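In what follows, a single structure is set out as structure tokens and then discussed.
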């Protein structure tokens, strides 16, 4: 049986991989942002998995605190990104950076 | 530190003309500036006549100036002073409405100071400075009247003077380096070991003294200058070259012993031939100077230094008198002409070595230097001299005043007559101390004959000419200068028109293309996908290398 | 040993500079007093320091920047030769510039940078280490640039660009050379540079070449001289500064320091780097003269003449014989005096008669006699006609060449003298004997502020030659310096 | 007392940012006051550090690994002081731009809190020793910076901000991933503690991730393309902060990672990659700067190039330390370079802002004749240009000298040549605008007047950059306080 920590770690890694792919592959910024959130979640999952020490000690509390802080930070980042994206879409009727669509910047 | 160690008078003699020259520029004195001319050489005259031999030093001046008063220098110093004095007095009568008198007086004084300086200088730097002063300042005397002819003559004079200075500088530098001393005596002693230095010096001095083929400036410049200045130029200034040779020639001049004699004789005869083909009295006289200086060079080559000085001094007085004579004749009407002409002929005869005149003595003095065919050649040159000077007088008479009863003013004839007197008489007093002969020798029958036959020969040769009056082809003044000058100015023209290198450029070749390439690269880095992949690749590479 | 004097002598131009920047444009009186006061105090200090140095007292000041990097100001005989020249010429140029620029625009900026420039020159002369030298050398470049572009017209701006385009790569080469050297030997203090032998011969040669390249730009050594003639677009006082007081002098001074205080005569000879430099200098002498001959503008001709003349200094330094050193060093002063005279006069011609081309000089001697006399003296000095100072330099250089076993030097000197005559005499001829055309513009020289400096420097060039043997002449001082360098 | 000294530079701007949102009318005054207060505190702290050595505090009494530890050593305090200087001046200079727009406009409202948040993030990054804290600081810094880029809401600047965002997010996530790995391997995030344990391959992977994340945030070539449009598109005071301050935070963390935390892990490839990319950045950024026709773009590309120099520290560190006792080498030089760049670049952007205001646009042609109209601002521009070119006497020169010495002393000529070439290229792109300022032909007839006091502000910063070179002995000694051993010995044995 795979220990749950390892499972969480592997799942996190998978999420990182999927998120990274999406982050790189999509030109549409909203998709890209969503991918980034997947990526971030993967990182947090891995972080959480790293908190597991041993059955006797249980989980380390520090990563949990850090993950919560991280989620707040990511939330703020995403909010700012969405705000900017909305503004871009209003101004240019596009939701992608020009160079990613092959337009001149 | 003492400013001057030794007697002050030699310095005063040099500085006094300069002070007068500067004073002449003072606005209030400008109009009457010419009056300083006769006063300028007086201290030098005193120095030459009445001062004991010896040297004096001013360490702060130039590279440490040393002046020396000794036999050949003293004689030539006196000659210079007397000629400039006479010419100065003459100038007062000559210039009725002088053009820029202050400028003329200023450069007159500067030239004089330099001319005196070369006779006194005992160190190389002072000599060089004085030589340059006399060379360059004299330019203003040559071009004084501002005519196209004078300016042209001046240009030739200047170019050659510069060439002379350059030769002199090289020669002096080589000499000083060989001797490791600034003293002229030391340099002279080491010159026999430094043939290149000697050559440069001889050429440089020879140029000033009218040595063939560097004589071209002389027949141009001397006639172009106002008459008093011509007298100074031909009488005194050319002697700057002679004193240079006297001071610097080593005991053993090697090949130049022969060289000087040969070049001298070429000059002695060539000057006669070229001079006879001239149409201007002063030009003829200038060629006569070339010819006479040729003889002096030959004498120097023969090693008779003091005799050469004596000969040169006599020539200076007589030639200056002849030049002034041209001026005097020009102010003389038909009525007074015979007397004036008779007097004017005296220095001519003296230079030609007519018996009992001063010239006969100096010619006798130089005779021991030559033997064999050289003796004949030297003696025969007197015939040429006689012919040449006769032609000069002939031309001068043709230029006499139009008014029949015109008489030269005392300011004109007095200095002239004085110079004639000195020329005729002085050798009698100096012969004993400047040569191995005594005046009694020239009174001997043999030497009287030696002095007479060339003149008789000259008369014989001249007779057919006087009768037939053939047309003589004219030779341009300065002979060689015509082709050489054309070549020189063509060369200068070419130099100036050489294609100029293009100026510095700031634009780089290919800048536009480079800019486009960079911009393309930058645009390629902008799309996110590439950046992200690059980052991922680098992370992997780094992780691998760090873990390994 | 005190630190006050070196700092003070630097401050005499630095402090006025900093104050002048903040003066309003109209405060020309305050500006003039600040400048002249600074210059006067500086001259007094220089005189005092000369006595001190002659008595063997050392003055130095030190400011640490980082370990191994410090500013060292130190007064030695060579320093004073340069400082005294620049102090005297600064005073003259300031007087001249005040009259020349009149009430033109941007004067506070101009005089501020002008004084800064002199401060940089002073610092460069006082520099006791290589890096100090470099720092002031670079400061000089920077402070000169606003002066070159002062007129703000297209020509000046182009000249400024060119100046930097030459100078900055030069400084970069210099910096590389210095750091290369110092990274092996530690900080190089002049006259006690430590053991350079830790580097290989090839490295030392490369360092020498880079260094010569770096300072050669300022000294207008062929083929690095292109900026100098273009910089003539600047106002006349700036030309004076470039050609006589500061910039090209700084380059030549750098070469002297390089050979005598960094490498030393022995090592220079051992490496065999002196001769190529001497040959290059000789070529520059001839090249500059030839190019001068081709020019039709007064200032350009003078500029190429500088190219030629400054290389005399380098030639002297590179030959490294006793007389050659003296000749080179004394020419540092003599060239400055003579060339500044010529530029003062050129400025007068330009400003008072509108003359910029040589063919306009016809007959100007009659209308501007004092100016023309000064010009003549300067020109004669350049040709080497005694007793103007130039002949003394040439005399020693020639002797030095022979002493060093390089007789070709004499030939170069003679050829250069003839070439100099070839381009100066026609100018003099036009000035004195040309006939002014009927439509020549009005000309007069009633500007005491411009005339007096010209007369003073002309008189100084004459006196420096005439009294070369005096105990306090440039020649005497140069001999003193040379004696210190020679074994 | 020391607790307050260390925590206030972090806390005060945060507090002020909150207050500025609440009392937006007093925001400008509040921000300026905070700027000067923090500057004063930083200087005080610096004196304390100079007197007593590095100061470490644990907030709330919790020691690492549990608590938050702040530590002021020479490097951190130095950066703190210089960035506070820049910040104080920039905040004053920003006042006319943003106060006039009134409270109704978004820019006028948002600028002050954003600037203060940025300030807080910056100070935290300089003082923190904990990887996660550093992450949070970086995020705070980056997000406020991105918001500042977009503050005017124009399409171009929003695009630039979003592009910046994308890169920054990747940088953050790489850094966070690295931190998570580090924690998984060693159960601590404190740099000091990590430095003491034996590090294995997980830490190598973590370092690779964090290094790349930080390099992206520092806009190292080839991840720099977002920088010029972002910096050039922001309003001038914001550009000054973005260009001068923001990249320095990630660079300081990078220095700490390698010199404090894991010098023994460094590989030749790491040095080659960082140094090489830095060198390419120097050349590439400079060449592109030469090609620009807008002043702010020139300055922004210059930042790309100048940041490249910083990365040369990795191969050069230790280059002169052991062999040459008179030179402490490249590590100090990098800090010097960063200081000089902070001061000079901020001055340059502020001056450019004034030119833009006077002329109405920032195309180079508009600069014609400004030397006459705005002499003080032009002088400031010139002085900061001198420092950026590394000409004496300036902080830039001292840095270049030290770097060059390291390069030559250790026989690494190539880096030395890059330094020299970079200086020359900088001269080319910086003298282009200077030349135009001195060209009176074609000068604009009418200019919007700019008050003298505003022109003095960039001059102050530029003078500081120059004085840093003239009085570099003090800062040099200060930087040695708490200097890691690897700074002198180099990253590779």
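Which chain is which? They are A, B, C and D, in the order written, and residues in each are numbered from 1.
Keep in mind that, in the parts below, contacts are C-beta pairs under 8 Å (C-beta built on N, C-alpha and C of every residue); 3 or more make two chains touch, one makes a residue touch a chain.
Keep in mind that what you see is a predicted model, and the values were worked out from it rather than measured.
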Task: Report the most central chain, judged by the distance from each chain's C-alpha mean to the global C-alpha mean.
output: C
- request: State, to the nearest whole Å, the distance from the C-alpha centre of chain B to the C-alpha centre of chain D.
  value: 78
- prompt: If you average the Cα atoms of chain A and of chain D to get two centres, how far apart are those centres in Å?
  reply: 27
Message: Report the inter-centroid distance (CA atoms only) between chain A and chain C in whole Å.
response: 68
Chain A and chain B: spacing of chain centres that average the CA atoms, whole Å: 102
- prompt: So which stretches of chain D touch two or more other chains?
  reply: 163, 166, 170
Statement: By the touch definition above, chain C meets two or more other chains at residues 161
Chain B residues counted as touching two or more neighbouring chains: 526, 528, 532
- prompt: Name the touching chain pairs, please: which are they?
  reply: A-B, A-D, B-C, B-D, C-D
Message: Considering only the defined contacts, which chain C positions touch chain D in the complex?
response: 63-69, 105-106, 109, 131, 134-135, 138-139, 142, 146, 149, 152-154, 156-157, 160-161, 164, 168-169, 171-172, 175-176, 179-180, 182-184, 186-187
Contact footprint of chain A on chain D as seen in their complex: 65-66, 132, 135-136, 139-140, 143, 146-147, 150, 153-155, 158-159, 161-163, 165-166, 169-170, 172-173, 176-177, 180-181, 183-184, 187, 189, 229
Task: Provide the residue numbers of chain B that touch chain D in the complex, in ascending order.
output: 514-515, 518-519, 521-522, 525-526, 528, 531-532, 534-535, 538-543, 545-548
Message: Per the contact definition, I'd like the list of chain A residues that touch chain B in the complex.
response: 20, 23-25, 97, 99-100, 104-105
Query: Once bound in the complex, which stretches of chain B touch chain A?
result: 523, 526-529, 532-533, 536
